[in-house]
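Down below are the structures I want you to see.
In the two complexes below, chain A is the common chain; its partner is chain B in one and chain C in the other.
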Partner chain A sequence: MATQQTQLLARTLLTPAVALLFIWMIVPLALTIYFATLHYNLLDPGSESFVGLENFRYFLTDPAFLASLQNTLVLVGSVLAITILLGVPLALLLDQQVVGLSIVRLMVIAPFFVMPTVSALVWKNLLMHPVSGLFAWIAHLFGLPAIDWFNDAPLFSVILIISWQWLPFATLILLTALQSLDEEQKEAAEMDGASALSAFIYITLPHLARPITVVILIETIFLLTVFAEIFVTTGGGPGLQTTNIAFLIYSQALIQYDVGSASAGGLVAVVLANIVAFFLVRIVGRNLEA
Partner chain B sequence: MGQITLQGVQKSFGPVHIIKGADLDIADGSFVVFVGPSGCGKTTLLRLIAGLEDVTGGAILIDGRNVVDVPPAKRGLSMVFQSYALYPHMSVRGNIAFGLKMAGVARDEISRKVEAAAATLNLTPYLDRKPRELSGGQRQRVAIGRAIVREPKAFLFDEPLSNLDAALRVQMRLEVTRLQKQLGTTAIYVTHDQVEAMTMADKIVVLNAGKIEQYGSPLELYEKPNNLFVAGFIGSPKMNFITGEPAHQHGAMTIGVRPEHLKVERDGQGGWHGTVSVAEHLGSDTFLYVDAGPQGMLTARYVGELGLSPGDKVSLIPESARIHRFDDGGKAIRA
Partner chain C sequence: MARMVTTRRKVISTVAAWLVGFLIFFPILWMVLASFKTELEAFAIPPSFLFFHWTTENYATVQERSDYLHHALNSIVIAGGSTLIAMLIAVPAAWSMAFSPTKRTKDILLWMLSTKMMPPVGVLVPIYLIYRNFGLLDTRSGLIFILCLGNLPIVIWMLFTYFKEIPKDILEAARMDGATIGRELIYVLTPMAVPGLASTLLLNLILAWNEAFWTLNLSTLEAAPLTVFIASYSSPEGLFWAKLSAASTLAIAPILVLGWFSQRQLVRGLTFGAVK
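So, the complex of A and B:
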């Protein structure tokens, strides 16, 4: 089939789609690079001028940058840890044959279908609110003072909300992996005298290595750019306590109206994401090779 | 020791009775094959003995001790699965050693036993490979290695050769039989292939619809089938069954004659007359499918070549001593 004719035809037919994707990618990137070299403030229109790498220096030396970088890494790492450590046992539970399981499965998966803004609002106003929230009510039942979540533990609260959203995803991927585990392998382990715990450690967990890798890779991509949850709940505060890179860039552009600095930040974020992706693929990508 | 006795073993899944009461005595060191069509309950019976399924009723005795409430690992049996069920992320060594490791055997003893098992099965060069790097036959041997290393009271084989190609199957058949004789361990082997059953077994259990139809040596089943089912199941090509007037002449509802016990004569006298409808020439044998009028379609086996083609008239003369007679319930009538 791979004659020169078919190859030529394939290339010709692919060209429009590839060209469109390329333009879609290159125009914003080129504009961002261009803006990053300008003094460009929306409050001061008409004063755009070339400033070289000044915007990068400004962004990278801003104390907010290191704080938000740290917040980003803590957020990604914590959510990954929580979703996998809870996702594995949840998937094991859902893999059991119990009456009414289909409803339970549906409910477990439901949070993934809720919009980030909606779930953040629900958590903020119905669950974590220090006066009218459900958690405050429960605390009162036990005679404890209500926790003001977004003031006392802002980053943890955000992590909690995002973990709740992503736990179903991890569970779902791990559950499908568990269901593909050969029944005879489990029985062979049973015949070999493996206890439930040993069978889990020696048979199930190695089988889950690959889906866990997939979860880590996919979640990292999305968690590096978390924005809506922070915007709706804490607005990056108090102070800089819940500001991640994505939110910092937003605040540069649309709170300080500094398009130049925000563009420089955007480019820094692209580089950072690539560094993270590089190490991630080096560390866990080996699992994906057949 | 590995003497296994089944006493009225029953198994139901909900309202469906899979095993309707099985009684069986398996002598120590013997090679017993469970054979039957798909869905006859042979694998279920094996899994009941293994402990992977719980019995609904009856008792399973291993060396005189009732094991129905004993977990699989404690029954002292090991099993070779149809899919081999090797642990994909462990090396061959890890796979064979896993059972010993779980039993808490000392490290150097494990490695000694694994080496010994690997040597028996010609697996030594592959000990550090992963299962996916092995061929089908080698994987099969690893699965067997995992079974023998634990020195069980009995081996349980669940259609272990069905995933191999025909040539390899014949070779592994020999290897498994030889290994079993060499180790002297009781073996229970499940298959739907009656050739495997006939060639490997000391004794065959023929199962049909959850009942044991007959239990005996391969030749006993061939020469003295208890009923129509066993008569039709054992032997290839299948036994011819003739009902009606020709059977009444022999004082039976049905008579059965094996294709190899029909003497074929071209335009001969006596016997049953018919027309060849298909002739299969294998060189060593010729299988003839003959339309024999009142006797129906008959299969005959002729050793060698007779040069017959469809449409030719032949007469088939049954060996009178080898006509099997069955009553109206399908049971054999023994004179």
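So, the complex of A and C:
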């Protein structure tokens, strides 16, 4: 039905977007690969030389890399676990008949719209400050010693803040999925005398499997590159305790000006993200056909 | 009897939901309250919840001392500019893929999605160097450009899923009636596409407003949007909680309002149609 003319028009309309994204993907990536093979430090201009895979060897054997890889995995894993384990019951709760549900929804979703630098600083100072923070005061009420969050458990503190930001996202997606669950199916199960628990295990949970997968994949993509929260709270420290891969690369590039090594690190990050992206793209692709 | 159970259940879930909702919202509420306290009261132990001396002087100080409006304007220009440009590029592309799909449309869509998966830190070095060499560091146009590219895949995807829902029969009917492509676009498609366009615009404004990787790395002062401005409060010597809170409240208030309007689109936009 589509005439050649409309086909041509369609292609013309598509071209700018495709071309831009292609350049956006190829040029910086190619440059990163190129820089990764150079000895190149901005503090030492003119000394650029080809060193092959030396930067990768240096980056991958750097103890900071292993530490930051571990921090990255702990951070991503913990935030995923927290947001899903809390998100499922929360979504179930919001799926009930609740008076004033729309206001509750607004309160629950709000943290997601707070810019990362604000949430990190508000949590770090107003809530988690070891002397004047609200948590210290609450601990004091219960006769407990105040926790010096960012000294005693720096990575956990960062995880807490980021979980607060992403819990609304997980909840909202799971809630959307719950609302598309067939009411009749639940009613039928109830009529047949299924307990609430078995209805949850055999009907609701399987229905949530897919959205949970989607939450895991999308959160992982974003969580692998958490940066601002670390930048404004701990600066990667104390020591390397809160340095993740993204922050390590940042500090090599813009603090130590080691372009070569930072580029090698950047490629490692790209590979890590691509492993996750591979699965996400497949799930989305399957949905496109349906 | 069934009714009794329902009422009781409703009361319990209502109380529980409000309690949890309040807990989750509390850090924001606490920040807003602190913004109306004096510095001494914001820091005081035990904290006062409502019965403190309410003042708006922090808001005035934030503007005077650090030129809040300058950074707010940067945020508006950068978030608005990058979103508008992205829309201009994305609307034709999404329209073309939704209404004139080819065998490769699915592959193109998935490829576009995959560009969003690339971690920004993986290309930080070349982008930083290119920006330095072309004098784009700490410029609004530099940030507009990078945020536009970063969000382009999401914009195209969202628009695509909306456009796809417009029934094609309507187009065919219009064509039968002798409508040209131009008329078809203006009188048939546009009215049906407005809700989708609006939600896409809204979500991407929010994402661009809150973006805190490129803005932190590529701007310092002149072009610094609110994300960077707030980050300047992280310096250890500045224990100005009330002022931090006032600046933060101003920075998130507009986006919180927009965000509340767009919560349904959020799911669609961020899951690429995988959850509806």
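Simple rule for what comes next: the second predicted complex is superposed on the first by the 261 of 290 C-alpha atoms of A that agree within 3 Å, B and C clash if a C-alpha of one lies under 4 Å from a C-alpha of the other, contacts with A are read in each partner's own complex, and residues count from 1 in each chain.
The working rule: contacts are C-beta pairs under 8 Å (C-beta built on N, C-alpha and C of every residue); 3 or more make two chains touch, one makes a residue touch a chain.
The structure displayed is predicted, hence computed values, not measured ones.
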First (chain B), second (chain C), both or neither touched by A:184: first
Partner chain in contact with A:87 - chain B first, chain C second, else both or neither: neither
Chain A: partner with more touched residues, chain B or chain C: C
First (chain B), second (chain C), both or neither touched by A:154: neither
Partner chain(s) touched by A:254 [first = chain B, second = chain C, both, neither]: second
Which of chain B and chain C A:236 touches, first, second, both or neither: neither
Residues of chain B that touch chain A when the two form their complex: 50, 52, 71-74, 77-79, 81-83, 85-90, 98-99, 102-103, 146, 150
Chain B-touching residues of chain A, taken from the complex the two chains share: 182, 184-185, 187-195, 198, 202-203, 206-207, 209
List of chain A residues in touch with chain C within their complex: 2, 6-7, 9-11, 13-14, 16-18, 20-21, 24-25, 27-29, 31-32, 35, 90, 93-94, 96-101, 103-119, 121-127, 131-132, 134, 136-137, 140, 164, 167-169, 172-173, 176-177, 180, 210-211, 214, 218, 221, 224-225, 227-228, 231-233, 245-246, 249-250, 253-254, 259, 262-263, 266-267, 269-270, 272-274, 276-277, 280-281, 283-285, 287-289
Touch list for chain C against partner chain A, complex: 6, 9-10, 13-14, 16-18, 20-22, 24-25, 27-28, 30-31, 34, 42-47, 89-90, 92-93, 95-97, 99-100, 102, 106, 108-130, 149, 152-153, 156, 181, 206, 209-210, 212-213, 216-217, 226-228, 230-231, 233-234, 239, 241, 244-245, 248, 251-252, 255-256, 258-260, 263-264, 266-267, 270-276
